[in-house]
Amino acid sequence: MEGIGFKILGALLTTILAFVVGMFYGGLNRKITARTQNRVGPPVYQNFIDLVKLQGKRTNIAHGFMGHIAPVLAIIASLTVLMFIPVLHDGLWFRNLTFKGDLIFLLYMMVFGSLGMALGAGQSGNPNSAIGVSRGLAQMVGYEIPFVLALVSLMIQFHTTSIQDLMAYQHETGQWIIFANPFAFLAAILSYLGMFRYSPFDIVGAPAELASGPISEFGGKYLGTMMTSGSIFAFIKLVLMVDIFFGGAGNFGSGFWGVVAGLVELVVKTFIVYMIPVFIGLVSPRFRTEQAIRFFWKWPTAFGVIAILWSVFL
Amino acid sequence: MSNKINTIGIPSEEEIKKAQIDFSPRCTAAGRVNDKETQKMVEYILNFARKHSLFVLAYGTGCGAIEIPATMTSRYDAERFGIRGAATPRQADVLLITGYLSTKTLKRVIRVYEQMQDPKYVIAFGSCTINGGMYFDSYNTIKALDRYLPVDVYIAGCMPRPESVIKGFIKLQELIQNGNAGNGECYRDNLDWYRTNQQKIIKNWDFPDEYNW
Amino acid sequence: MTREKETTLYLGPQHPGITGNMMIKLKVSGDTVVSAETHLGYLHRAFEKLIERRNWLQSFTILCRFCVPEPDPIELSYALAVEKLEGRAVPERADYIRTIVAELARIQSFLLWYGGQSGSGGLYTLGQWSVGDRNYILDLFEDLTGARIYHMFMWPGGVRRDLPEGWVDKAYRTMDYLEKRLDDYNKLLFDNAIFQKRAQGVGIIPKDKALEWGVVGPPLRGTGIKHDVRIDEPYAAYDKIDFEVPTYEGGDVWARALVRRDEIKQSINIIRQALDNMPGGSYYNRIPNPMKWTVPAGNAWAKTESVRGEIGFYLVSDGSNKPRRAHLRGAAYAHGISVLEKILPGENIADVSFILNSLGVCPPEMER
Amino acid sequence: MDLIHNLKEVFEIDAKIKNDFQIEVEAKKELVSSILLYLKNQHGFIHLDHMSCVDWIEDEVFELVYIVWNPNTKKTVLLHTKIDRNKPEMENIDTIWDQANTYEREFREMYGIEFPGLVAEREFILEGWTEMPPMRRDFDTKKYAEETYATRPGRENAEDVREKIIKRTGEEIPDFAKKYSRD
C-alpha cells in the first residue's frame, strides 16, 4: 500500500478535492452572502464558470516576467502546502508528504504564496498594487504572531511538531484541542480572520480604496490562476484548522467507505469553520491597516500568550 | 453568419446606404476568432461560461450609473445572472457606458476599453449614447457612441429602468452564446477608422506620466 | 517616521471608491495623503448653455439631470426662482405635495448614502438592504410622477398632477415599513464598533471655519452649527410643519452620519404630518402656453435644502421666453473641491472614499 | 436696516430690499472686494453662497454676482457688478474666500474673464478646448456640435418607431406598450 503510484494517485485526488471543495466554498460564500443581503444570488457553481471564463479569455496581458510567474508561484505554494497537510487521519490516500515536522514547515510555507503575489504585483507599476502589497505584508506581520504563538503553545503542550500526532492524540483521548487549549484556538481563529481577508480585514484588496489591490493588473488566465490558488489555500487553511482543533476528520479506517465517511466529516467540519469568517465578514466594515495590526497585536496575541502559559503550567 | 443587426440603435445596411454615410465597421464572421465551425465544442463551452460570468467594470460614466446600484442590489439582483462588479479594467468583461460621454471622459473610456482583455463587450445606456438624446446640441458630449467604440447592445431610455438594464444584459448573453458579441478584434482591425474618429474630437491625447503602467 | 517617497495615486475617474465620475489626484506617502487635488470636467454637459436655448418649461428636462441622486431639490429651486421672478402664487395643496416629494427625495437619497457610506467602509450588506428598500420610495415616485428617478414634477405654479388614488395609504405604509427597517440599519451601522472606530475623528471640519469654507447641509450640522434652509428661509409648506433639525458636535464622519441618521427620521415625520394635514383645493396654478410664456425681466436667487446641503438657483430673465442665465449652486460645489482639498491631507488613503461619501460629493452638479 | 444705511455711508451705494431675506446691491467693480471684506468683517456675512456671471452681450458687459449670507441674521446680500466684455478682468477674491477660487477658474474658462493673481491650472472643466469660451452668448453650441460630432441620421418620416422595429427585427410590442400605439 505504499507504492509510488499510490502516492501520486493520492496527491492527485487531494488536489482535485481541494480544488473542488475550495471553489464550491467560494460559491457558497457568495450564495450565503446574497441570502443575507435579501437576494437570490448566483448559483453555487458560479466560481467554476468564472474560472472557465477567465481561462478562456483570448488576450492576457502580463507586465514583465514576474507578472507572468507570480500566479505560478502562488499556485505552486498552495499545492506544496497542500501536500504537507494530512487531509484525513486514517485515510492513507490523503496523507501525501506528511512528516514529523510539518507544523513548523507550514509556518514557513504559508507565507510563500503571498510573497509570490507581492513580487508580481510589484512589477506591474500600478500604485494601487504596490500599496496593496505593502498593506498585505503589514497585515501578515500582524496575524502571523498570534498564529505562531497558538501553534507553538500546541507544540509545547503536546510535545510534537506533527499534525498527524495531534490528530492521533485527539482521536485517542477523544478530547478536541479546542477544549484542551481554548486560548490557542481563539488566537488561531482570530488570525484566521486576517488570513481569509474577508471583512473586517480585507484591507489588501479593498475595492473602495485600492481598486483591487495587488491583483489590479491581473486579468484573464492570470486572475484565474490566482483564484484557483486562493481557493486551494482556503481549503488548506480550513483543513489545518479542523486537523488541529476539531479532532481532524476520517477516523473511520482506511477502507473505501471509511474514506468516504471521513470526507463527509471533513466537509461538514470545514464548512462550519468556514462560516466563522464569512458571517463575521458580512456584518463588519473594514479596518484601516494600522487598526487591523493593532487589533492582531492586542487580543489574539494576548490569547496566544495565555495559550503558551496554559500549555506550560497545565 | 447572418448580417442580422444585433442592436436596435444601429441603422440597417439599406438605411446606411440610403443615408450615404459610413457608419461603424461591421465585422463579418470570418474576422471572428470564435468561429463556430472550427472549435465547436470548446467555443460552445467557453461561450456558455462567458455568458454566465459577466464582470462589469465599475465605471459610472454618466447619470445612468444611478440605476446600477438598484440593478445590483436586492430587488433586481443582477448577480443571479452571474453579473458582478470588477474593480479594474484588466479583470472586467463588460464596459457599461452609463449615458452621455463628454469628450474628456471619452478619452478615459477609450483608454479603459483598450486595457480590457478580449473578449470584451460594451453596453451603452440611454438615449444619449444612441443619438445624443437631450444633449443633441451640447458642445461637450458625443452623439453617436458607435463611432468611437464598438457597441454590442444599446439600452434605450432616459434613464433605462433596472428591468431594461437586465433585459439588455440578457440580450448580450444571447449574442455571446451565438458568438456575435465581443468586438475587440473588430476594434483592432478597424483601429484606423476608430482612431480617426476619436482624434477628430479629442485634441489632447496626452496622459499624465504616472498613468503609463 | 522618515520621509518616504511620494506616490501619485489617481483616485478615479474609473475607481470603485469614487462617488461619481471625477478624479482626485492624491499624493501619497506610505498610507497617508500628503495633498489632494480635485479634477473635474468628466461630466460637463454644458447644462447652463443648453438652458439658454430652451424655454422656461423645456428647461425642466435638463434641470433634473443636474445631480442624479436627488433631482427634486434642484427642480424645486428652479421652480421657486421662477415663481419669485414672476410673482406666481402657489396653491397650498401644491405646497404640501412639494414638501412630501422633497422629503421622499431626501429619504431615497439618504438610503443611497447608507449604501455608499457603508460600502466604502467595506460593509456591503447594509448597502444591499438600503438600496433595495430605496425601491419602495421610487415606487411611490413612479405612482405619483410616472418615473423612478427623473420626475420633472414640481413646475412653476404648483405640481404637475394631483396625488393618485390610494397613494396616501401607500405612502403611509411605506413610511411604517421604512421606520421598521431603519432600526435594523442603525443596529448594523451605528452599533458597530468597527464603524465607530473608522468614523470617529476622521475628516474633521473645524467648527469655526465651517461657514467660511462654504460648508452646508449635514456636514455643517455635523460641526454643531444649526443651519437649515427649511427653517431659516422656509419654502413650500415647511413653515406649517413641526420638525427638528438635529445637530452634533465634532465635525467628523461620525457626526455627519449621526446627523443623517436623525434626519431621515425627521423626514418620515414631516411626510406623515404633511399627509395628515393635506389641504384640499387646486394643485396647480396653471401657466400660460409654455411656448409663449414669458417671465418678467429681473433676477432671482432661490435655495432649498437638499440632502447634501443647500441647492440654490440664480436665475436671470431678460423678459423673453427663455432664461437668460440659470446658474446652479450645487451643494457639493464647495465640498467637493476646496473643502476636500483642505481636509484630505493627513488622512489615511483608506478614508478618502469614506470622507467623500460622508460629504456627499456629487460631481455632476459641480461641473454641470 | 443699518446695513443699508452703513453701505450708503461707507461706500455711497444704494442697497435695495429684494424680499424678506435678500438685499440687492449694485457697485462698481473697483469697490467689490472692499465691500465684500466689509460685509464679511463688519456685518457677519461670512458665508459665500454663490458667484455667478451673466453675459449681457447687447450692453457689451459681463455682470458678476456675489451672493453672501449671514448665518446670524439669515440675510442674503446679492452684490452685482459690471465689467467690460471686451477686456474682461476682475479682481481675484480667493484671498477672502477660498472657494471663490473654483468659481473664478470656472469663469475664466467659461467666459474668458481674467482674474489677475489667480493661481490655478488654466484647464478646469474642458480639455483641449480651442474655441472661444463656450458660455459666451455668441458661441453657438448647436452649430459647434453639428460640425464636430458625428450624428446619427434622424427619422425620415413619421412612421411609428415601434412598427419599424417590428419590421426590422421581428420583436413583439409588449402588451403594456400597445395602448400607446398610434393605431
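Worth pointing out:
By written order: A, B, C and D. Residues from 1 in each chain.
Here is the rule we go by: a contact is a pair of C-beta atoms (placed from the backbone, for glycine too) under 8 Å apart; a residue touches a chain by one contact, two chains touch by 3 or more.
Being a predicted model, the structure only gives us computed values, none of them experimental.
Shared contact partners of subunit B and subunit D comprise C.
Chain centres computed from CA atoms place A at the largest separation from subunit B.
Centroids built from CA atoms put subunit D at 20 Å from subunit C. Annotation: 31 Å between the Cα-based centres of subunit B and subunit C.
Look at where the CA atoms of subunit A average out and do the same for subunit C: the two points lie 44 Å apart. Each chain gets a centre from the mean of its Cα atoms; for subunit A and subunit D, those two points are 58 Å apart. In subunit D, the residues that reach two or more other chains under the touch definition are 126-127, 134, 139, 141-142.
Under the contact definition stated at the top, the residues of subunit B that touch 2 or more other chains are 58, 73-74, 85, 87-88, 104, 137-141, 210. Annotation for subunit C: residues 8, 15-16, 41, 44, 46, 49-50, 53, 128-129, 132 touch two or more other chains.
If the chains shown are joined wherever they touch, the resulting network has some other arrangement, not a path, ring, star or complete graph. By the contact rule set out at the top, the touching chain pairs are A-B, A-C, B-C, B-D, C-D. Residues 57-63, 65-67, 69-70, 73-75, 85, 87-89, 100, 102, 104-105, 108, 112, 134-135, 137-141, 158-159, 161, 208, 210-211 of subunit B touch subunit C in their complex. The part of subunit A that touches subunit B in the complex is made up of residues 30, 34, 37-42, 46, 49-50, 52-53, 56-61, 63, 124-128, 207, 211-212, 215-220, 223.
Those residues of subunit C that touch subunit A in the complex are listed here as 7-9, 15-17, 28, 30-31, 118-125, 128-129, 132, 188, 192, 194-195, 197-198, 348-354.
Across the complex, subunit D meets subunit B through its residues 126-128, 130-131, 134, 139, 141-142, 144-145, 148-154, 165, 168-169. Taken in their complex, subunit B has these residues touching subunit D: 4-5, 8-9, 11-12, 15, 19, 21, 103-104, 107, 130-132, 136-144, 147, 197, 200-204.
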